[in-house]
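Order of writing sets the labels: A, B, C, D and E. Residues in every chain begin at 1.
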Amino acid sequence: MSNSPIVNEILSKYESDIEGSSSTKKLQDLLNSGKLSGTGKLIIYPVDQGFEHGPDRSFSINSKAYDPHYHISFAIEAGMSAFAAPLGMIEAGVSTFANKIPFILKCNSSNSLTNIKDQAITGNVKDALRLNCIGVGFTIYPGSEFNFKLIEQACHLFREAKESGLITVLWSYARGSMSKKGETAVNIISYAAHMACLCGAHIVKVKLPTSYLEDDPTKDAFIKNNIQINTPVDRVKVIKKSCFNGRRIVVFSGGEAKNDNELLNEVKAIKEGGGNGSIVGRNCFQRPRDKALELINNMINIYKN
Amino acid sequence: MSNSPIVNEILSKYESDIEGSSSTKKLQDLLNSGKLSGTGKLIIYPVDQGFEHGPDRSFSINSKAYDPHYHISFAIEAGMSAFAAPLGMIEAGVSTFANKIPFILKCNSSNSLTNIKDQAITGNVKDALRLNCIGVGFTIYPGSEFNFKLIEQACHLFREAKESGLITVLWSYARGSMSKKGETAVNIISYAAHMACLCGAHIVKVKLPTSYLEDDPTKDAFIKNNIQINTPVDRVKVIKKSCFNGRRIVVFSGGEAKNDNELLNEVKAIKEGGGNGSIVGRNCFQRPRDKALELINNMINIYKN
Amino acid sequence: MSNSPIVNEILSKYESDIEGSSSTKKLQDLLNSGKLSGTGKLIIYPVDQGFEHGPDRSFSINSKAYDPHYHISFAIEAGMSAFAAPLGMIEAGVSTFANKIPFILKCNSSNSLTNIKDQAITGNVKDALRLNCIGVGFTIYPGSEFNFKLIEQACHLFREAKESGLITVLWSYARGSMSKKGETAVNIISYAAHMACLCGAHIVKVKLPTSYLEDDPTKDAFIKNNIQINTPVDRVKVIKKSCFNGRRIVVFSGGEAKNDNELLNEVKAIKEGGGNGSIVGRNCFQRPRDKALELINNMINIYKN
Amino acid sequence: MSNSPIVNEILSKYESDIEGSSSTKKLQDLLNSGKLSGTGKLIIYPVDQGFEHGPDRSFSINSKAYDPHYHISFAIEAGMSAFAAPLGMIEAGVSTFANKIPFILKCNSSNSLTNIKDQAITGNVKDALRLNCIGVGFTIYPGSEFNFKLIEQACHLFREAKESGLITVLWSYARGSMSKKGETAVNIISYAAHMACLCGAHIVKVKLPTSYLEDDPTKDAFIKNNIQINTPVDRVKVIKKSCFNGRRIVVFSGGEAKNDNELLNEVKAIKEGGGNGSIVGRNCFQRPRDKALELINNMINIYKN
Amino acid sequence: MSNSPIVNEILSKYESDIEGSSSTKKLQDLLNSGKLSGTGKLIIYPVDQGFEHGPDRSFSINSKAYDPHYHISFAIEAGMSAFAAPLGMIEAGVSTFANKIPFILKCNSSNSLTNIKDQAITGNVKDALRLNCIGVGFTIYPGSEFNFKLIEQACHLFREAKESGLITVLWSYARGSMSKKGETAVNIISYAAHMACLCGAHIVKVKLPTSYLEDDPTKDAFIKNNIQINTPVDRVKVIKKSCFNGRRIVVFSGGEAKNDNELLNEVKAIKEGGGNGSIVGRNCFQRPRDKALELINNMINIYKN
């Protein structure tokens, strides 16, 4: 299969993988997967909320969603780019859905039964290979008291992933040292995204930032150098810039969007700002399947046109 | 030996093991063991109370129970599905009772001489293979300050177990961050059971939950989405749902049942709710052998019919 | 050499070692060593007091005892079953006394310069093999804040020891969570001894318990089930029962016996209660050699007759 | 290529690498790189400020600097000796700029979202080899509560680096136990530089010290033995002395120089004091490229003449 | 080369090394090195004060001492038995002084920028072999909160050293749990020296103790058993006794001797008490070279005659 020019351009920026390495091959597969194939855009469907928030808080509103197959078949039907989940959930569908959608093994998880700002490693590269995954995902918490440990674990995992030709996705969520509001402040998320790139992630996942500026040593530069942050488009551009001036793929989660209009406006902003796509979970599985298919279809149309 | 349809159905849900892996083979052996062979139901006999509560508190009421052979021969005579115990206890009977009942090596244990909510690893996959075990068991404490460490240890053990073709059983006991009553609350146990599935366990072991709802962020969904939790049958269904919508085997311990009637009613609820069986220890060895055989016989009859 | 029936009976209970494994071979060698050869009884001579209490507090009362050779030659002359000591002390005599008495490498030690209830690992299986030892010894502190770590270390050491055909001896000393008096309470020591068995030790070493019952959750069973604990014989029986109903070898240290009469009465109780022997150090090397030889001779005579 | 006498003299002091080891070969390559080739002087261009201070605080003043290629091409154009950066930034340019400038992989990093005086390991020797680097860099914080851990990590990394023929650069930044002013005190930096040499670093990187003397046990010697510290030249000599009397390469960062004149005066002092060069990052990328090229050109001219 | 009788006698006491092991070979080399060759006495020259106290506090009084070559050439010229130093310092002279004096790699170090009573591991057996060292040195702090960790690290290092045929030297310095005065109390140092022997050290290094008795559980035995401690000779004898009744080599550092007379009197006491020699660093390099040579010459003459 020959790549589209935009896919080739994206791939060319992953220089350390460039000579026939299979990480690049896998990244190419991802960019040529689903209905956004060849557009340079991605929609990833993550289902780790059972770990993070518990099964009933996540799935009881649409109780078919207790079943891992519900999610994978949904992602396939919706034409999403990849399915990302923790070990057990991928184990539950790996045979039925083999080769129908790329799997990303989410290798660490937290849970809401504890308030320790840490995560447990539940998967590794061996698991990802056994489960035929295209790559691994990991979460770091910049600002947490465990931030150094998590960064080290991410870099260790990613080293092994690259040796095995897998792609690497880093969820970079600031928390701990900053205000609650600061967790989504644009100066904080820009920092978190840049750190993810420095850790060697192929794909960076952050929340769409607000226009708030956390009052810390990174704030002044925004004012002094007049960085535009008023609109969501502005802020997506800030993040893309902090990701090696656009050399890394960045996908955004929308946080708690109130309605579809807001969500789709965010998608438009991501597109206009040069972002590479969305990670969307709860906004799909916490509504009826047909409504969710419609939402994803609308998102895809925005990214495509 | 050809499997019953129900056994084949259960096995088919362990997709990551499905192509000739010996974990599936061992799971099949377990489901075809004892008097519940072929029913898709299990009664596991665990004897780790000497570690958890001490030998005298556990065994002096029926002093033959100090002898490991007492337990293993009892489990065999009663037609139970498997015997689960820590290293030393299995070492004490591995030759006499070779191939007479599947052994599960319980690989970590706590003890009541300390109040630290942690466990010590006492066995691993090498031990399990040396002792001809069918699988390994492990305990995690969701909510404990050690919960991330225990989850990581479980996932590490289970990875090695699957590489060696063993089955994996996870005891998931919430404690630490919630109220005492909350440890058996249905919203908490549902969460704990789901986490066990995400960790990749073949078999999940939880306590039969009460109708109490711990007051935490997972509570609202039960009320808002009208999850039925009034009867034991309801609550078993909640747990089965949280275990990948029934894709994982779940067995229940009864806690401190007052009399046989109550215990057997619980068994009926487990059956009716779609649970896969029971783990029963103290209710067997803390009574005369003939009474215990009668109890297990009654339980088996309920599960069979 | 053919074993006595009692030795064969003891060996038969170590089922996981039973098929030609060299741990059983080494255990057989131990049971056929010294003047108690073939009786199923053991007297082990441990010299780790230089670590635990310091050299001068241990040896200055009988200053020849500063010399490791003094101890090993004494143990041989007295006809003891084995010599147990930390790395350096065994290194100091391994050539002179090769094959004259079984050596047990004590692999961890504490010291009285610190009050942290922990131990340092000073030896391992590689050391034991290099020094031609028959087995390894280890100490755990049930009840200490380090109890889980120590148990894990013991189980790890013992796994490697069994893989190398060595025997394993576990010193199980409760401390930390209980009262000072509780450290030798019969309910506590029974628990500690049982935990040692569950950890897979071939030989359990505990202190001879008092009739005191520590006030903790394990106490009630002694009263309710009328466990006899009034006499030393009773208490030895309690411990033997907690050691898998007698399936494991248990040896006792006497604590601070006031005079030889008391000590020999303890030995009689150990024998009558079914205990397997004594570990005796300070009562030997803190008196003149001839008096110590006489003491051991008297102990041997009690165990033999 | 034959070396200049000064390069040969410097290389001869790395005695443990001297017989055909490739660390020496790589050090020779470094000393023969860029416009300072053969002079025994170095200017290293480090870009880890995105990690340490965040991307916007570092790069928004000159927004092309968000792009890793900007930095590497600048370093090449300016004729600098090497480019040092964390994993992700080197990955982003490794192919485009292969063999155009030596790369040094900065293997640990901190960040300003936390105030813990520690660093996370993000790269190792495997990464450095994969990315065709000439060597590895590491930061230790003498005086921090993590100082022993960081030193151990540095020595471990450097051992592996030497086994793989890479050179080793140690950033030695005192912090934690001393006053803020003391972090750049000449007695403290002298100590930090000496520790770096003892850790086996080929190249030591410290800040140019002030004339302040931190009031600690190392202060008296400066007064009693009349160590000259008044001028920058004096202080560079102090540091060179503490680096094995000049046997190790030392490069200096300038801290927050106010203007070019001050900066160039520092360079003159480094040269006159016998220092081996500069590490300069922010003074380059936080100004227009042409101004930065001019600055580096001026620095090179000073070092050359 | 044939050994002197005293050297053969000393070697014979290292029984675990006795059959053709190269640790014994290396110990023999050490005992046949320098001007004390064949006497059974040793003077070791350690230069780790740059780590422990800083370079300027250590070397500025005699500024040639900043240069590692100064030290090694001094040790050779003075006819000392061995040179002991951390990684970087040995790397700086390994080629120039190859085979001219035995090197001992000091594998851990502390520093005075922190008050944590711990050390960082900076070298290991691989380093020692690469640098052609005769052995490794390590420091433990009995009484420190890190004492168990340090003991474990020492034993681990020494195991690997013996496997590689290196000799092992243990610096045993009590600190933490006792009074400042107690750090050099004779009951404490005797304990620390014995622990070093139990850890398997070939050579024990302690401070020459004072006649003070720290008030702890080890004190009584000195009074009750009338251990002589009044004179330095008495105290050297106490230490030799605690070192396996003289089976281990013990060398002493003098602490802060006021003048040469005092120092030489200490040497006489070490000799008369049966000690094996001295470790002397600051008393050499903190005076002019000719004065230092004279001092060492005087010490050698005392040890020889």
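Definition applied: a contact is a pair of C-beta atoms (placed from the backbone, for glycine too) under 8 Å apart; a residue touches a chain by one contact, two chains touch by 3 or more.
Keep in mind that this is a model prediction, so the values were computed, not measured.
Peer 1: Show which chains lie in contact with chain B and also with chain D.
Peer 2: Output, common partners of chain B and chain D: A.
Peer 1: Quick check: how many Å separate the C-alpha centres of chain D and chain E?
Peer 2: 36
Peer 1: In whole angstrom, what separates the CA-based centres of chain B and chain E?
Peer 2: 58
Peer 1: So which stretches of chain D touch two or more other chains?
Peer 2: None at all.
Peer 1: What is the sequence of chains around the ring when one begins at chain A and proceeds first to chain D?
Peer 2: Order of chains in the ring, chain A then chain D onward: A, D, E, C, B.
Peer 1: Under the definition above, what is the set of chain B residues touching chain A in their complex?
Peer 2: 13-16, 18-19, 142-145, 147-149, 151-152, 155, 159, 162, 174, 176-178, 187-188, 190-192, 194-195, 197-201, 216-218, 220-222, 224-225, 227, 238, 241-242, 244-245, 247-248
Peer 1: Using the touch definition up top, name the residues of chain D that touch chain A in the complex.
Peer 2: For chain D paired with chain A, touching residues are 50-51, 53-57, 60-61, 63-64, 66-68, 70, 86-96, 109-116, 118-124, 126-127, 130-131.
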